[in-house]
Every structure is written in structure tokens, then in C-alpha cells.
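Input: structures, listed below.
Two complexes come next, and they have one chain in common, chain A, joined by chain B in the first and chain C in the second.
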Partner chain A sequence: MTTIDTALPQTPTAVRREALYFALRNGKLLVGLGVILILLGTAVIGPVLLGRAANDYVGLPMQSPSSEYWFGTNTFGQDIFVQFVYGLRTTFEVGALGGGIAAVIGMAVGFIAGYRGGMVDEVLNMLTNIILVIPTLAVLLIINAYLGIRSVGVQALFIGLTSWPWAARAIRAQTFSLRTRDFVDLARLSGMPSRKIILREIAPNMSSYLFMTFILLFGGSILIASSLDFIGLGPTEGVSLGLMLQNAHQWSALHLGLWWWFIPPGAGITAVVGALYVANVGLDEVFNPKLRET
Partner chain B sequence: MRQYFGRKLLIYGLTFFMAVTINWMIPRFMPGDPVAGMLARARVTQPEAVEAMRAYYTNLFGFDLPIWKQYLNFWAALLHGDFGISVWVFPTPVSTVILGAVPYTLALMIPAVLLSWVVGNRLGAYAARRKLLDNSVLPIGYVLTAMPYMWLAVILAWGLGVVAGIFPVAGGYSFAMRPNWSWEFLGDLALHWTLPFASLFLVALGGWAIGMRNMIIYELESDYSNYLAALGAPQRLIRRYAFRNAVLPQITGLALQLGVLVAGALVTEIVFSYPGLGSLILKAIQNQDLFLLQGTFLFIVLGVLIANFIIDVVYVVVDPRTRAGMAGAAA
Partner chain C sequence: MLELHDVTKVYKVGAFGGKTMTAVDGVSFDVGTGEVVSLIGESGSGKTTIGRMILGLTSLTSGSITLDGAPVKPGKAYYRSVQGVFQDPFSSYNPVFKADRVLRMIKEQYFPSVPDWDDRVEEALAAVRLNPGQVLDKFPHQLSGGQLQRLLIARALLLEIKLLVADEITSMLDASTRIDVLNLLADLKARGLGVLYITHDLSLGNYLAERTVVLRHGTVVEMGLTEKVFGDPLHPYTRQLLSAVPRLGSPWEEAAPADGCLYHQKGATGRLLAADEGHFVACAGLDDCGGPAA
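Moving on to the complex of A and B:
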């Protein structure tokens, strides 16, 4: 019996334990994840602890960072640290929502095109290629300009609707290589419906890949949203890191020397997106034995 | 060959068709009434004036015609090069305004994109599998690609412009000058161009370096590299072969990144008030000049499509396998 036990290392729990083993020893993943968790914690708990609204006028304008105002105040006397914490929250919301919507569409299109093939694939592939070529930001500019009142949710929705093509393309290619495998054929012979085959047989075999795609879409959404905010098409209410940058630029923080106004928001975006990318590389090494450094 | 380009051109044609259709649809099918919106923004109180303006705008969009006719008219105007009249610099046609801004954007983007691609690829190729270099190039690369374009632009403008005072931080040339072909003016133009160029170049650089590094590592592990190494070929030769193979996906990557690069150029221009399409978009949004915005959108789409096609041609020239495959398919 013992020989059989050792000969079966590929049970799901064993695979999971192996992944965890390498995950806990991967510096990139730990650092990336650590930074994200700290920032996410700040974004979730911060506003509760601060007990102030984001745009309250709290003190004298143009104060440099001090023990009372950690990141100083802007030309209107708003606390930049409070804005930063609320902005971080918006950033995560846009990333999760926009990245999530893009991931769902990308997966649906990729799986169906890759699994079905033939005419369905032709049509979906054509659609993917067309949307891939159109510059996303330009479309979002027009949509947002015509939307009078803008919210974070709507912004994320449109970002999600336009940024899925590369993900669909990558998932389609992966599905293509999986669909002729024996276990998929077996499932098909046993009369499983296509939807179930995709969800039960194909998707789990590329789950790590799907998760990494989501991470990249998450980071991408954040960067697109910050560009939109900076151009002046951000949410009309509330605060986001991109809006803070826009305000700082518009009210010439540069020339007034208010570096504490424009450094934190950009650093926040860079930290979130950079940590996501680094964690992604770490995950890649965990799931792909070829890339592990020994 | 003909089939390959035919397919590509079909996709680009359809893309342009879709872009124009989106452009036409958004004012008509978005929630809210664009005419009412424009009237509200104009803040005119006299009822007669409001009525006159309503009639004017309704006529301008052609809202009183049946939908299919509006759509055909839109195309007809477009094919005549008529993008409407700008509200911001009334009564200049939108196409004139845009054509005045395009050279600045191109002068900024083309060198920044090409140079960052070339330098990034070299850097990534050198760094791959070289511990010391890799440990510095990789983290810097990740920080650079994670940066929002406008943030690096703001930091450069602040550090090198406001604090150090080396470079000007706004405009395409000094306000005291008039555009002419003197050396003095060209030097001034170059001085104003440097910082926007540098920030575009740096942010794009990181992504290319990381991509190339990963591709080279992948290529160095492939069979042909191992075979060459077993034959005793020098490392430099193996790396040169790896580079030539790794450059191909990077060319495709350039096509995929075009949209992001355009977006980066737009926000960078806004930071430096550089008189290209980005500043134009900002002005259009601030002045609710929706015709100008829509015209700029179509210009950007057209530019990206042309760039895509050029990259397709380059790919066929660079990769002999695509040509061989096409010839084989034709025969």
C-alpha cells in the first residue's frame, strides 16, 4: 500500500501543497503580495479610522508634511493623506471591477472561440482583433465626455468592456492546445455538455494562467483609469489618485513647489501596479517549475 | 502574400468602420440629450436665443432626419474631410485644428517609441542571465512600466524644470518667439521637446527591457541554443541568434502596445502643455467642443491603423518564415 501512496503525488491536495511550498519561498511573490496587502488594508480600514470625508477642509492651505498632516495640505487646505487613503480605495475598486469585467469577457470569448473553433472562432477572432486595434483610451475619452455625470462604477464598466481583447486572444490559444487532449475527448464522449467541459475540464487546467491574466488586467485598469482622471474625465464625485494628480497639475502645484501634493498619488499607483506585476512574476515561478531559480 | 495582407486590410477596414460607427452612435444613443447639454452649458437665458441655438445644433447633428439618413450623411461628410466646425476656436474647421497639432504629437511619439523599443530590447538582451545587470535592470524596469506616464512627466518637469531650471516646463516653444526656420527657434523647439520625450521614452523603456529579458531566457533554454553550446560556439554567437529570434514577438508587442503608447503621449503632452493632440483633447473637453473631440478620436484611430499596417509589413520583411509560408500556401 505504501508504494501506491508514494506513486500518487498528483492528487489535488498534493499539488496545492507543492504550490504553497514554493509560494512561501518565493521572494518576489511575498514582497509583491505584502505591498498589496498593506495598501489594501490602508484603503479598507483607513477611511474608517480617519473619520473624515475625503474632501473636508481641515486646516491652513499649503502646509508641508507634519505630524498632524502626514502628507501636508493642498492649496485649498484639504488633508492630502486623507485624500490619498480614499483615492487608494477608488483605485482598488476600479482595478477589481474593471479587471474583473475584462477577465470575464476575455474568458468567455477565449473559451468559446478556442473550444468551438470553426465559424464561431472566425467571428469572435475577428471581433477580438478589431477591438484590439482600436486605441482604448480614445474610445473611453468620447464615452466619458458624453456622459455628463460619471461614477467610479461606470468608469470601471467601460474600461472592462474595452480592455479584454488581449486576454481573450491568450486564453483562446491556451484552450486550443487543451481541447484535443485525451481527458477532454473522454468528457465529450461521456456526453458532458460543452459548458460543463469548459468549466470542469479546461478552465481548471489553466487556472493559474487565468489568475495571472486577471492580475494584469487589474493593473491595466488602474493605469487606464488614472489617465482618464488626469485628462479630466474622472468620477465627478469623490476622489481618486488620478484626480489628485489632475488637481495638483491644474492648480500648478509644480510651480508652487508643493511636491507633497503630486508625489504621493503617483507613488501610490506605481506601488499598487508594480507590486501586482512583481507578484505576478512570482506566481509564474511558483506554478511553472521551469522558471524556478534553484 | 496577397491573402495575408488582404486579411489584415479587411480587419483594419472593419476597425475603421466600427470606429466611425461608435463615433456616430455615442452622441445619439448615450443617456441624455447632447443638444440640451450644450444649451445648458452655453448659459443663455433669452428664450428666443435658446430656440435659435437648439435649431442650429439639431440641424448640425441632423437629428431631425431619419436615423439611417443621419448615418449616411455622417459618412458622406467624413469622406469629404469634413469633421465639423470647432466650437473652441470658432469658426475654424476641426480638420485644420487637428492638422496643426498632429506634427507635434508625431515628433514626440515616433522617436520616443522607436528609441525606447530599440534601447529597451538591447538592455533586456544584455541583462538576461547576467546576475549583476539583471538584478538592477529588472526592478527598475518594473517600477518604470508600473508608473503612470503623467507622474514621471510631472516629476521630471518638477525636478529638471522647476527646481533645477534646466528645461522649460510648458509649451512647444517660447511664448516670446514666432515659428520660423531660424536655428534659434529650432533650438528652442528642441529644448521644449526634451522633457516630454524623456518621460515617454523612460516609461516605455521598462516594458521592452523586461519583455526582451524574458524572451532571451526562453530562447537560451531552447534546443538550438543548447546544440550550439554543445558544439562549442562562443556565447556571443548564441546570444546573437537568441536575440534575432526574440525580436520577433517584440515586433508584435509593439503593435499591441500602440494604444497604450498613444494614451501615454496624450497625458504627457497635457503635463507639459505641449501643443499636440493631447492638449487639444484637454481643450476640447474643457470647452465642451465635442466635434473637436470626435475628430481627434478618428485621427488617432487612423494613425494607429496606419502604424499597425507598417508593423505588419516590417514583420513580413524581417521574418522569412512568413514569406515562405505564404508562398507555400499560394503554390
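Moving on to the complex of A and C:
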């Protein structure tokens, strides 16, 4: 009986702690978050500790991994571990910026369309659908090639501006169902303006969903950025994991047997995005009691 | 105090809004200061729509609602005099916040710098016979339906309102708490508060109200002083409703068939016939009537 006593919420504080209780016991969430935190720590602290620039020429070319060069060197004699650490940093930057921009636009459009309804909803929904059916990658290719955008920030901006529609649609649908609840009417009867009602009555009811939306947009931005980098439309300043893959491909790393050149960036992208998705599934279980394994 | 004049609400239905549905059709009545008026009707008769229009949550298609002669303009000033309590106490509270947040919202919007706010809250809670220790700092799911409804009435009292729109506030409560809430409304009436009591339950309406409005398919079929409407029902629909009230110890009896249409016998014009002092009845809608003259 003791386990049941601790698992069931009994006091108000216990209700708040419930999510944390299940979060700390959810293997998927812990593993996913653990991997992300390790990689994030590497990306943030790594460049400081290394004391080198990403594209410094450090030694002999085509060295296999050793105690001096952990991931070996490439055909130019650049340290692949250093590039990897800087690349991770770029990857997180693109994810946070692109995912953040997309989340903000998606939430704004979704909340306003869902709460206002009527004509406002029609217009915003049309805009959402138009962006949704545009082949995003093709547009990004054209924009990148035409404008010659070569910095991480601008790349993230364009990814953010094109990847929000599905989030907007999902949030609009949820807002539609929440705005008919009596507590929204009660907030209107309290004289609260619409903006406050959205932020303080509707949004807190879907906070877990909004959080997961951001995680998925974060992972999506990383994948799109890597694809752009790989086909040679990435940032020319600095280095990213996708750019490393592109260089490895361009300089025939596969044929030369330089496996240490393309495996680390590929594994890095997979680890970040994979860990985000695993953590997302874990969060789903934490927030949705029906999915919990008892 | 509150006057409805020829209030009509037409909803657009169908895929392209091509069809219309008249929810409320030319309803006129008034609620005086310190008076309880019960609005009785079956499901879909438009009674909740009327309540929402008075509260400014739904717009009018035509007609007008005035408070002390001034047309209703939803906003902070209006909600200071007119408040509502809804049917479902459990959906009137935002489930992610504590229940007394509804009181705090009033403080934030109307009285941001009142020094003796806690005293006021205590006073309002005492007026609805709630013990502050039992209801403050609790989540909605920790309180009973009756406590939640009384807390909402206390919230309205904090604003020193003139009119309370009570939309089926007892229908989700069990029989013992129901009478408590009704007695509470009677107390408020004694303090000079006008109440529009919306219900489908004739006996509850009879318990409180000075005047009764019987609604069917969005139109008023009979209205007047409660003892006249219930003691001498003139419209066949009112008779049917009264005969449908279950009585202890006697089997259900079919209502006596309508003996002609009083409205047409008296050759009335307009929507309602003034059958007696303070007693109005609409056309009975019999086959040979052909509807009201208006």
C-alpha cells in the first residue's frame, strides 16, 4: 500500500509534484534528456576548453583517431574532434533559433485563429495552408542559392519562417476546443482582455503540448539545416555537422577510407535528433496518464 | 432595471452558412431591482442563448438589451453590474489553477490596490455560507459542486453587482446542496440583487421567482407573475409542462387538451395577449390558429 500512497496525489502540492514523480521514473525521458545534456554541455564548454578555432590546421593530414586527435584529422590536417564540437554548437544554435522562431509564429497564429474564429481564422488558416503545401526544402534551396545566405542565424531564420504551419494547425484545433469551456467565459466576465485570456487561461491548459511542439520543431530545424548544409547551401563561416558531412563527401572520404571524417557528424546529428524524439515520447507518457506503464 | 426588447438571435448553419436557425425570436421581458425572474424552457428553447446575450458573450442579431436604460456594452464597466454563474461548476474553473483564482482575477481587474481585500473576500464567502479555510487554496477537483457554485456567487458579490444571470446553476448539484444554493439566491434577493434564474425545472423556478417566463422554440409562450402562470396556466404548453412535473404518490396524468386558442378568441395583436393583470400568453399554435397576428 505504501507505493500507492506515494503515487496518488493527496495534497495540492502533491498534484504539482505528480508530473515530476513520473518524469524521474521515465526511462525514455531520462535517457533522451541525458544524451542531450551531454551533447549540449560538449557544445557549450568544448570550444572554450579546446582553445582552437574550428578550421585550424593542426597536424598531418589523414591521421586516424589517436590520443592526440580523438577523431583523427581530415585531408587538410584539420582536427575532426574540434570541428565536431564547433559543429554541435552550430547545430544547437540552428535548432534553438529555427525551432524557437517556428514555435513563436505557430503559437501566435494558432492561438489567434483558434480563439478569434470567424474571418480572422479563415485568413490565418488560408495562410497556414499555403505555407504548408509549399515544398519547404525547394524554397529554401532557391532562397539560399539566390540570396547567397551564408550565416547560421539567417539560415535558422528561414527555416523558422517555413516550418511553423503544422504547429499552428494543431494549436488552433486545441484552442478551438478550449475556448468553448466555461472558464474562458468566466475570464471574459472578469473583464480580462483576449490576449490575457489566451496567455493565462488557454495556454497553461496545453503547456505540455506546447513544450513538445517546441521539441519537435527544434529537431526538425536541425534536420533541415543539415540537409541544406550537405548539399552545399550551408553557412560558409564556421562549421556545422552538415557541412562536415558535405566536405567528407566532396573530398571522397568514403573512397579514401577516412571513416572518422563522416561517422562523427552523422552520429552527432542522429544522436541529437534521436534523443529529442525519445525524450518527446517520454514526456508524452509523463503528461498523459493513459500512456504510462504501471 | 434590465430590459430585453424584441431580442432575436439567428445562427448561420450548414457548410457555407447558407441556412439559418432562429434560436431566439423576438423575446421581450424585464428584470427589476431585487426581483427574481425565472426563465423556463426545454432543451434548445433558447434560454441559455438569452443568458449569454445578456452577459455579452453572444451577439444579438436584432433587438436590444438595456441596463438602466443604457444599451449593453460588454466590458469591464458592464461586468461590474452584471455577472453570471454557469451550469457546470467543474468546467467553470480552470483545472490547472487553484479555485480561489477566480477571486484573485476580480482583484487584479477591478481592485488592484484595495488594502482590506482579504476582509472583503471573507465577507463575500460568509455571505454564501462558505468557510474560508475549506475553500481557499484548494484545486477545483478538491471541492464539491455546491462549494464551487457558491464560490462563483461569492466572486460575483465582490463586484457589488445588480443582476446575476444564474444559468441552470443547480442542475449539476445533488438535492441537498441544491436547496442550499436556492436559499442563498433568496438571501441575495433580499439584499436587492436581481436574479435571472434560467432553469428547466418548474418546481425550482416556482420556489424562488416572483415572475416566470416560459420559453418554447425561442419564443415566449406565457409569462407573468409566478402564481398566475403556475396557478392558472393559459397556454397548452405550460399546462403540459406542469402536468409533467412528477408528483409523489400519484401516477402521471395527461394534460387536459387545449380548449381553443385564447389569443385568437380575444382577437389580440402583437406577440402576446394580456390575459390578466401581469399575465401574458401567446397564440396556442393550434392547427386552426395560423399563428400570431404580428
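In the analysis below, the second predicted complex is superposed on the first by the 278 of 294 C-alpha atoms of A that agree within 3 Å, B and C clash if a C-alpha of one lies under 4 Å from a C-alpha of the other, contacts with A are read in each partner's own complex, and residues count from 1 in each chain.
Definition applied: a contact is a pair of C-beta atoms (placed from the backbone, for glycine too) under 8 Å apart; a residue touches a chain by one contact, two chains touch by 3 or more.
Fair warning: this is a prediction, and the values are worked out from it, not measured in the lab.
Annotation: superposed three-chain arrangement on chain A; chain B versus chain C shows no clash, the two fitting side by side. The superposition places the C-alpha centres of chain B and chain C at an angle of 100 degrees about the C-alpha centre of chain A, rounded in steps of 10.
In the superposed pair of complexes, A:L189 makes contact with chain C only, with no contact to chain B. In the superposition on chain A, A:L141 makes contact with chain B only, while chain C stays out of contact range. In the superposed pair of complexes, A:P47 makes contact with neither chain B nor chain C. Once the two structures are superposed, chain B and chain C can be ranked by residues of chain A touched, with B on top.
Of the two partner chains, chain C is the only one touched by A:N205; chain B is not. Of the two partner chains, neither chain B nor chain C is touched by A:G238. Once chain A of one complex is fitted onto chain A of the other, the partner contacts of A:G59 are absent, as it touches neither chain B nor chain C. Once you line the two complexes up on chain A, you'll see the smallest CA to CA distance from chain B to chain C is 7 Å. Of all residues in chain B, only 11-12, 14-15, 18-19, 22-23, 26-27, 30-32, 34, 37, 142-143, 145-152, 154-155, 157-158, 161-163, 169, 221, 256, 258-260, 262-264, 266-267, 270-271, 281-282, 284-286, 290, 293-294, 296-297, 300-301, 304-305, 308 touch chain A in the complex they form. Taken in their complex, chain A has these residues touching chain C: 12, 15, 181-183, 185-192, 201, 204-205, 207.
If you check the complex, the residues on chain A that touch chain B are 126, 129-130, 132-139, 141-143, 145-148, 166, 219, 223-224, 226-227, 230-233, 242, 245, 248-249, 254-255, 257, 259, 262-263, 265-267, 269-271, 273-274, 276-278, 290. Contact residues of chain C toward chain A in the complex are 52, 55, 57, 74-76, 79-80, 83-84, 86-88, 91-98, 102, 105-106, 109-110, 137-139, 142, 152.
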